[in-house]
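One chain, chain A, links the two complexes that follow: it is found with chain B in the first and with chain C in the second.
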Partner chain A sequence: MDKDQILGTVSSIVAEICGVEKDAVNENSTVGDFPAWDSVGHLSILSKVEETYDISFEPEEMMEIEDVKDIVEAVYNILQK
Partner chain B sequence: MGKFRDKVVCITGSDGGIGRVLSKKFAAEGATLILTSIADSPSFEDFVSELKSEYKVEVYPFFFDLTDEEAIKEGLKAIKALKLKIHVLINNAGIPHLAILPFTRMSDVRKVFQVNYFAQLQITQSLLSVIVKDGTGCILNAASIAGIDGDIGNSVYGATKASMILMTKVLSKELASSKIRVNAVAPGLTSTPFADAMGDKAKASMEQISSMGRMATPDEIANTYFFLASDDASFINGQVIRVDGGVK
Partner chain C sequence: MTIEEQIVLNSINRPDHIALIAGDEKVSYSQLWERCLVAATNVKKKYGLKQGDRIILSASANIDFIYAYLGIHIAGGICVPIDPDTNESRFELIKASTAPVCTMGTLLKVEGTSTIPLSNLLESCDVVEPFRQIEIDTIADVLFTTGTTGAPKGVSLSHKNLSAAALNINTFIKNTADDVELLALPVSHSFGLGRVRCVLSKGGTLVLLGSFASMKKFFGCIDRYHCTGFGMVPAGWGYIKKMSGKKLGQYADQLRYIEIGSSFMPVEDKELLCELLPQTRICMHYGLTEASRSAFMEFHSEGKHLNTAGKPSPNVDIKIFDAEGHLLLNGEEGEVCVKGNHVTCSYWNESKDRFAKDFFNGYFRTGDSGYLDEDGYIHLKSRIKEIINVGGKKVSPMEVEDILNSIPGIEDCACVAMPDPEGVMGELVKAFIVTHDESLTDTAILAALKPKLEVYKLPAAIERIDSIPKTASGKVQRLQLK
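Take a look at the complex of A and B:
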């Protein structure tokens, strides 16, 4: 799976949880960009990403994730292992 | 139909006096249980089998030592691998400590803080993503009146419980945009092996300061957790509930 595919899926997840159009989400979208992307929204997004890819982020990895780009990178790295 | 049918309840320190009563109470109401304890034992295995056969519920036991950060991490990984949404997390595990400051070893201070606070924080942080999954749930923390009253000999244990109280209040605000409630239970001395570990002198002095002249029973404490975990407490958030029978 390449990063563009992951970006598409992650953007859909962010859009769904934040209640915005997918077009409004890009790789630079970050915590606070949408009202629903607060600390709880952030956890919900990461939880849904974990479920979608059947992976589990380490707490340390979670702390490094701030925007869509970070999520894509983290997913990609885990899937490469 | 149990009140907690289709709900998953995770209880740390589940092999202790209050932990076992809590496990039974939630099992009786149909909850799926994730139980953690420091180590397996024939007695705990019998307890788990009893819960499964008597209440026909799923029980998933996990064993890890709360003094070991890496062991906690591995244990949490295994819990998350169950892929279950956790509805109720009860941070119940803890170890006692009672000594006036000149007789307090720094190694004990570190150990008590590790088990009673740092481990609870690590567990809560790691499980947050599975608690927030569908936007409902609650976190209940084991505090103590020792963390509020500041009695002699409690500079360490009391400080760990005061930390749990603060974590409760902060987390209740941080999770405010969700429907996740965070509360704490602050028992007085309770009739459990934990109290026995405090020694007869401590038990006698606690009974003396109790308005009702006795220790709490584990059931009386578990009832409060159970209420706070239920929908009956749907508007109680960020609170610390004393269960001490009144103090003179």
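Take a look at the complex of A and C:
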């Protein structure tokens, strides 16, 4: 799976959880950009990503994830393993 | 002495001590006080605020909010802090109830209402009015809570209430003027706003972060400003743990205190915190907007009582009464009732006669049921009030039920709190529905709810039952569904 595909899926998840249009989300969208992307929203996004790809992030990975690009990278790296 | 009077003393005694830090900006106590006086002057001269007038303040953890909040008090006004995320219907109800002279700060979900930017309050004014003593028994804040019915209820807090609460909290936690506190809590609620008052009245330093969402920023601020404490709700600990594992333990020598808000927290979580931070005062409170931090416990020194809500805070008395207002003995279960100068002076727009019904013999009725053990510790059994607490956010069951009931095929429903199986959010919403439509799937129900509710308010589980338990008068008995 390439990064563009992951970006598409992750953007949809962020859009759904934050209650915004998918067009409003890009790879630089980050925690705090949308009102619903607070700690509860962040956790919901990461849980949904984990569920979608059947993966789980380690706490060290979680801490580094702040924006859409970070999520895409983290997913890509785990899927490569 | 009011909080503002304590701050003016701090500005005289330690004028150059840093009061606030936000990003790269640092504000000393003398600067803080000067700016609060400018804000107070402007709010009177430009916006016509008179003694006792209300201003709705969209409350986000930035420096301008702090100037506005204190400035309105100094000018004799009443602050009505609301969440920037407040929806339109809730805003309209609060506005109708408080008839404010204006609304300040950014509202994200309200269209068509012009609000005044907080920065306008700092515009230069020709003559800054000197500070005049604030009458301690007047109302300082009206905080609107999430009522079970969905209608917001205004809790009035006098200057005396606010300073009594700050004194009780600082006494228990043992805060000092040398503390540097990281504030990641929302300031539109009693807990976060209370932390602001505690730190500034004591003369400490407050680092404004505003949210736990970015753990990188959270730990970055603790490192950079050498923070000695912070406040969090139990779900905040769930979040920190999930996002950063045991990293907090690296700050064991630095963190002097943590204050934890009142909602359910598993004993294992408390024990883990004790293990990671063996020298930190880890103080968990029990309280409500009407009676902020009525009880406290410290995890290390009271480790045998981790399953309780602690003991009454300094200067607070707690007793248990039965439904008729008779005092109960230790071990007998009834309603937890609180007495102290921190207890709300009134509900906004409610008669004295009605308000008097919220008391038994001078003790405020919390709506929580529990008992006191032989050592005086409070054991909470259940909430008589039925608000669902999702990761620290309050959800009114009726708000979700009203929307569920509008879905074709659902004949009746009730929502209650269920524990989060992941142990992170604390509670989640569970919906019980009555339906004879077999084609109505959970997916279809959630799809109908999604456009109308924030994600955290969506039911995490939906169970079909034959009927919703109700009292003879038709009131839903949600506690029977738990």
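The definition used in the following text is that the second predicted complex is superposed on the first by the 81 of 81 C-alpha atoms of A that agree within 3 Å, B and C clash if a C-alpha of one lies under 4 Å from a C-alpha of the other, contacts with A are read in each partner's own complex, and residues count from 1 in each chain.
Everything that follows uses one rule, which is that contacts are C-beta pairs under 8 Å (C-beta built on N, C-alpha and C of every residue); 3 or more make two chains touch, one makes a residue touch a chain.
What you see is a predicted model; the values in this text were computed from it and never measured.
Trainee: Taking the superposition on A as described, I'd like to know which of chain B and chain C A:E50 touches: first, second, both or neither.
Mentor: Once the two structures are laid over each other on A, A:E50 reaches chain B alone.
Trainee: Let me test your reading of the model: by the given contact rule, A:Q80 touches which partner, first (chain B), second (chain C), both or neither?
Mentor: Once the two structures are laid over each other on A, A:Q80 reaches no partner at all.
Trainee: First (chain B), second (chain C), both or neither: which does A:V40 touch?
Mentor: Both partners, chain B and chain C.
Trainee: Quick one: is A:E66 in contact with chain B, with chain C, with both, or with neither? Answer first, second, both or neither.
Mentor: In the superposed model, A:E66 contacts chain C only, not chain B.
Trainee: Quick one: classify A:N28 as touching chain B (first), chain C (second), both or neither.
Mentor: After superposition on chain A, A:N28 lies in contact with neither partner.
Trainee: Is the number of chain A residues in contact higher for chain B or for chain C?
Mentor: It is C that touches the greater number of chain A residues.
Trainee: Considering only touches as defined above, state whether A:G19 meets chain B (first), chain C (second), both or neither.
Mentor: Only chain C; A:G19 stays clear of chain B.
Trainee: Residues of chain A that sit at the chain B interface in one complex and at the chain C interface in the other, please.
Mentor: 38-41, 43-44, 47, 58-59, 62
Trainee: Spell out the part of chain B that touches chain A in their complex, as residue ranges.
Mentor: Counting only chain B, the residues touching chain A are 73, 77, 80-81, 83, 122, 125-126, 128-130, 132-133, 135, 174-175, 177-178, 180.
Trainee: Help me check something: in the complex, which residues belonging to chain A touch chain B?
Mentor: Listed in rising order, the residues are 38-41, 43-44, 46-47, 50-51, 56-59, 62.
Trainee: If you look only at chain A, which of its residues touch chain C in the complex?
Mentor: Where chain A meets chain C, its residues are 17, 19, 31-32, 35-44, 47, 58-60, 62-64, 66.
Trainee: So in the complex, which bits of chain C are touching chain A?
Mentor: Per the touch definition, chain C meets chain A at residues 84-85, 108-109, 211-216, 219, 235-236, 239, 241-245, 247, 390-393, 422, 424-425, 454-456.
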